[in-house]
Amino acid sequence: MIATRALYSDVIRERWRRPRFRGELPGATAVAEDVNPLCGDRVRLMLRLDGVRIVAAGFVGDSCAICTASADVLAELVVGRPAAEARAVAAGDLLAVLQADIRPTRMRCVTLPLSVLAQALNGGGA
Amino acid sequence: MRLHEITRGDFPVLGRVVNGHPLVYLDSAASSQKPRTVIEAMSQYYARSHANVHRSIHTLGEEATELYEGARDRVQRFIGAQSREEVVLTRGTTDGLNLLADALCAGLAPGDEVLITEMEHHSNIIPWQLAARRQRLALRAVPVTGSGLLDLDALDRLLSARTRVVAFTHVSNVLGTINPVAEVCARARRAGAVTVVDGAQAAPHLALDMSLLGCDFYVFSPHKMLGPTGIGVLWGRRERLEALEPTRGGGEMIKEVWLDRAQWNDLPWRFEPGTPPIAEAVGLTAAVEYLEKLGMDRVGEHERALTRQALAGLAALPGVRVFGPPASVSRGAVVAFAVEGLHPHDVAALLDAEGIAVRAGHHCAMPLMHRLGVVGTARASFSVFNAPDEIDHLVRTVADLRSVL
Amino acid sequence: MRLHEITRGDFPVLGRVVNGHPLVYLDSAASSQKPRTVIEAMSQYYARSHANVHRSIHTLGEEATELYEGARDRVQRFIGAQSREEVVLTRGTTDGLNLLADALCAGLAPGDEVLITEMEHHSNIIPWQLAARRQRLALRAVPVTGSGLLDLDALDRLLSARTRVVAFTHVSNVLGTINPVAEVCARARRAGAVTVVDGAQAAPHLALDMSLLGCDFYVFSPHKMLGPTGIGVLWGRRERLEALEPTRGGGEMIKEVWLDRAQWNDLPWRFEPGTPPIAEAVGLTAAVEYLEKLGMDRVGEHERALTRQALAGLAALPGVRVFGPPASVSRGAVVAFAVEGLHPHDVAALLDAEGIAVRAGHHCAMPLMHRLGVVGTARASFSVFNAPDEIDHLVRTVADLRSVL
Amino acid sequence: MIATRALYSDVIRERWRRPRFRGELPGATAVAEDVNPLCGDRVRLMLRLDGVRIVAAGFVGDSCAICTASADVLAELVVGRPAAEARAVAAGDLLAVLQADIRPTRMRCVTLPLSVLAQALNGGGA
């Protein structure tokens, strides 16, 4: 039997199977996409801002369970917040929700959505 | 004795324990492991004979030059080239394809056509895209059939008097398809086109004979065939190489230089500017020696048996999709597969937790992924040191995967 | 302790006996010897961690990627680059110069000018000749003064609004001249030209700091600085690299590929198509670590002392001519010389009979040979492991040469 | 003292110091030049043919003592002979005259003039 628990927490498995924020976001006002060059994971994050406040978020991409769960949690964390606060979300905040013991080599799966968020809020390339 | 029983002890890395399990390395198509003789040949070279090659009159320089040029001779025999001058040592398949795309397209006219295929690796796509943009050429691709073969009827329709180059892979790194090189080259030649074959996935597994293949250029990467990183091979039919203007300059590729002009050196040095990969050439010789001692026929047989075993085992699993031609067709030593409900990266990560190394992703063949309608696949690939029980272990572990995520 | 007393035991090749004499290796400018740590780092890598890099989710792939990218970080610190994205790993100095000549000249207009110098290595001449022919650019060379220095007044006269690129060597591989990089770059920048510096003979001997040099691009070869063959370094100022369109394609340098177009990857991978020199990157890390442990200031000091000793000793011999700036000027670690009545190749062969390895010939600097009015020279060059008594031995042996032929 | 005798015979030393056929050959009818890529030695051989017979020979170049002596001996051996006979001169013939014990790695210094001769007689590049 595969030692899966060491790799994927229940939260990751749940968010992978039934992500809450996956899908195109019509009327997005800030969009960015990036790739993790180490594994090829790709995430595109879409935000709708009302003034400085993020009022909706969505993501699409081609990414593993960890990265998908991370993007989903990130989307949940930033909706309703001002951009400045969203920018302050850190890897630790995501890990706290994911409740997983991520190996150092997979940390970039967690952090890719964060860097895409930063790009989107900086008006980075769609 | 099966081949792995002879070879396993020769590969130091197979002693590795990964996540508490003995390493099962099924990623040789990306880069193979190295036998001890290859590793030690390079260490010995550095410890005893290193110097720069060519134009050196001291003992170490002469030794290094003989070793470097000896690799060329060894490769010549290994691939059945007519002469050593036809063997250019490059930095890899990608490097060779860039060299060829630059040099072959430099003289083409706007509207001339380059033909590739839908199953190419990015290394056999982008260099032609860059050349096409520079020279305003048309770049077209031969489609792949539903069963993963080159569509030869479409090839005939695409070939025309404007076709100048046909560049295609010998063996697909995703589908495992072995393309009919001689057949494609004959048709291309009738259309007046130069042929370039990407042999990256063929050279490690098939006995090669340049006189039978019928192509004009053939490139491959020693690091995928038990040899070192940092070196490549480009074979060119002599008259084709002679007609090619070098597009890269530097030391060693010239006979005489003035500030405003230069006279090229003879073949093959004309295409080897700068200090070449010397220790890597020594490792290449050792890799070829190792493969020749096993015998390429036997190597191919062993890997085909493993491939059949993996194909049959994986295809029988519920929720597992296997890509490429049916097992009845002779295939290269790769099996790409998908597990329903799992991202390929997770398939790889979960297998890695059991010590099994497979690759996952688009395998640098995005156009083929688009054609297959997937974002990526997992891929197991095999070499001389893989054992049947490793394939069993792979199949058993994949069977468990769907329950864990 | 003098540096060689610390280092000699680290170089396995120094145990070599050549023609009955212990090896005296004075050809490091062509390619240096390697300390044990460099050789073993690569063997260990192949024996434990080899896999292809990037896009790999298995343990070995992750290890190999960390090691490969770790080399970039190490080089970044070693040369004082602002960020790791500015460090592109190539196949050598020649490779880096070809990449730059292709990419920088692609957008230039007929009549635009590229400026090199009379003391360049062929690797910093031919790539610009090829690009100049392709784009119909004018290629001009800054002359060398009678005392072997760059003629800076001539530089000012040659620089104009048409000058797009100034490419020149940091240290001459024949004369040993250390060019005033910051000064030349400042003048070039005022003229609006991009600057490319060939650091092949500087990186092994001088502490480098990209922020002080003021150039836009800097290239060098690890095999000349105790590292392996098959790898090179190209540093580029970030905004210059960002503005450069890649001219070579393949796996790893793209984010997304369609049959007719592609989207480039981020820096630095955009300029690293195909499987990179992975084991070589591991060796490069070990070489940089070795040099950093010694301290580049101390390395340079040691080599300058040997150079002064050789210059003084050889210049004092009747019938021996020494090239390059006077000993009072700070020089690189090479001494080119000629012995009256002897062809340089015979000088090298006769010294080799005594176990002394020097290079002889045009040193890939034919235009400079024309300028000096010779067909070639002998050249002794020095590294961290050379001892003062080796220099004495060289001088004594050269003193005897004229009597033997 | 340098073990020069192992490297250079008296004949080589003599031919290096006072070559008999070194120099441009006015009115040459067959010329070829080549380089030894291993060391960079370069030899240009000039022949004047009268019908099929070589009536004069000369060489210039940038070459070591062994290669220079070899070229000088070769020129001497071919003058007065028909081209077909000249073509038949082999490395052994040169070594017999040079009376030297040439190391394998230096054999190309001996044979470079031979390959240049073959090129010249085949009408190869000037």
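Some points to look at:
Labels A, B, C and D are assigned to the chains in the order they are written; within every chain, residues are numbered from 1.
Everything below uses one rule, namely that contacts are C-beta pairs under 8 Å (C-beta built on N, C-alpha and C of every residue); 3 or more make two chains touch, one makes a residue touch a chain.
Just so you know, these numbers come straight off a predicted model, no measurement behind them.
Of the two chain pairs considered here, C-D and B-D, the higher C-beta contact count falls to C-D. If you average the CA atoms of chain C and of chain D, the two centres end up 36 Å from each other.
Centre to centre, using the average C-alpha position, chain A and chain C are separated by 44 Å.
Rounded to whole angstrom units, the spacing between the C-alpha centres of chain A and chain D is 75.
For chain B, the set of residues touching two or more other chains reads 19, 55-57, 59, 252, 345, 349, 360-361. Counting partner chains per residue, chain A shows two or more touched chains at residues 39-40, 64.
Chain contacts here follow an irregular pattern that is not a line, a ring, a star or a complete set. Every pair of chains in contact is given here: A-B, A-C, B-C, B-D, C-D. Of all residues in chain A, those touching chain C in their complex are 35, 37-40, 42, 64, 105.
On the chain B side of its complex with chain D, the touching residues are 54-57, 59, 62, 65-66, 252, 255, 265-266, 269.
By the touch rule above, chain B contacts chain C in their complex via residues 12-13, 16, 18-19, 23, 25, 27, 30-31, 33-34, 38-40, 42-43, 46-52, 55-61, 91-95, 97-98, 101, 106, 116, 118, 121-123, 125-127, 129-130, 134, 139, 141, 221, 223, 228-231, 246-254, 256-262, 273-280, 345, 348-349, 351-352, 356-361, 364, 366-367, 370.
Chain contact summary for the complex, chain C toward chain D: residues 19, 341, 343, 345-346, 349-350, 353-354, 360-362, 375-376, 397, 400-401, 404-405. The touching residues of chain D, counted against chain C in their complex, run 1-4, 6-8, 13, 16-17, 39-41, 62-65, 67-68, 106.
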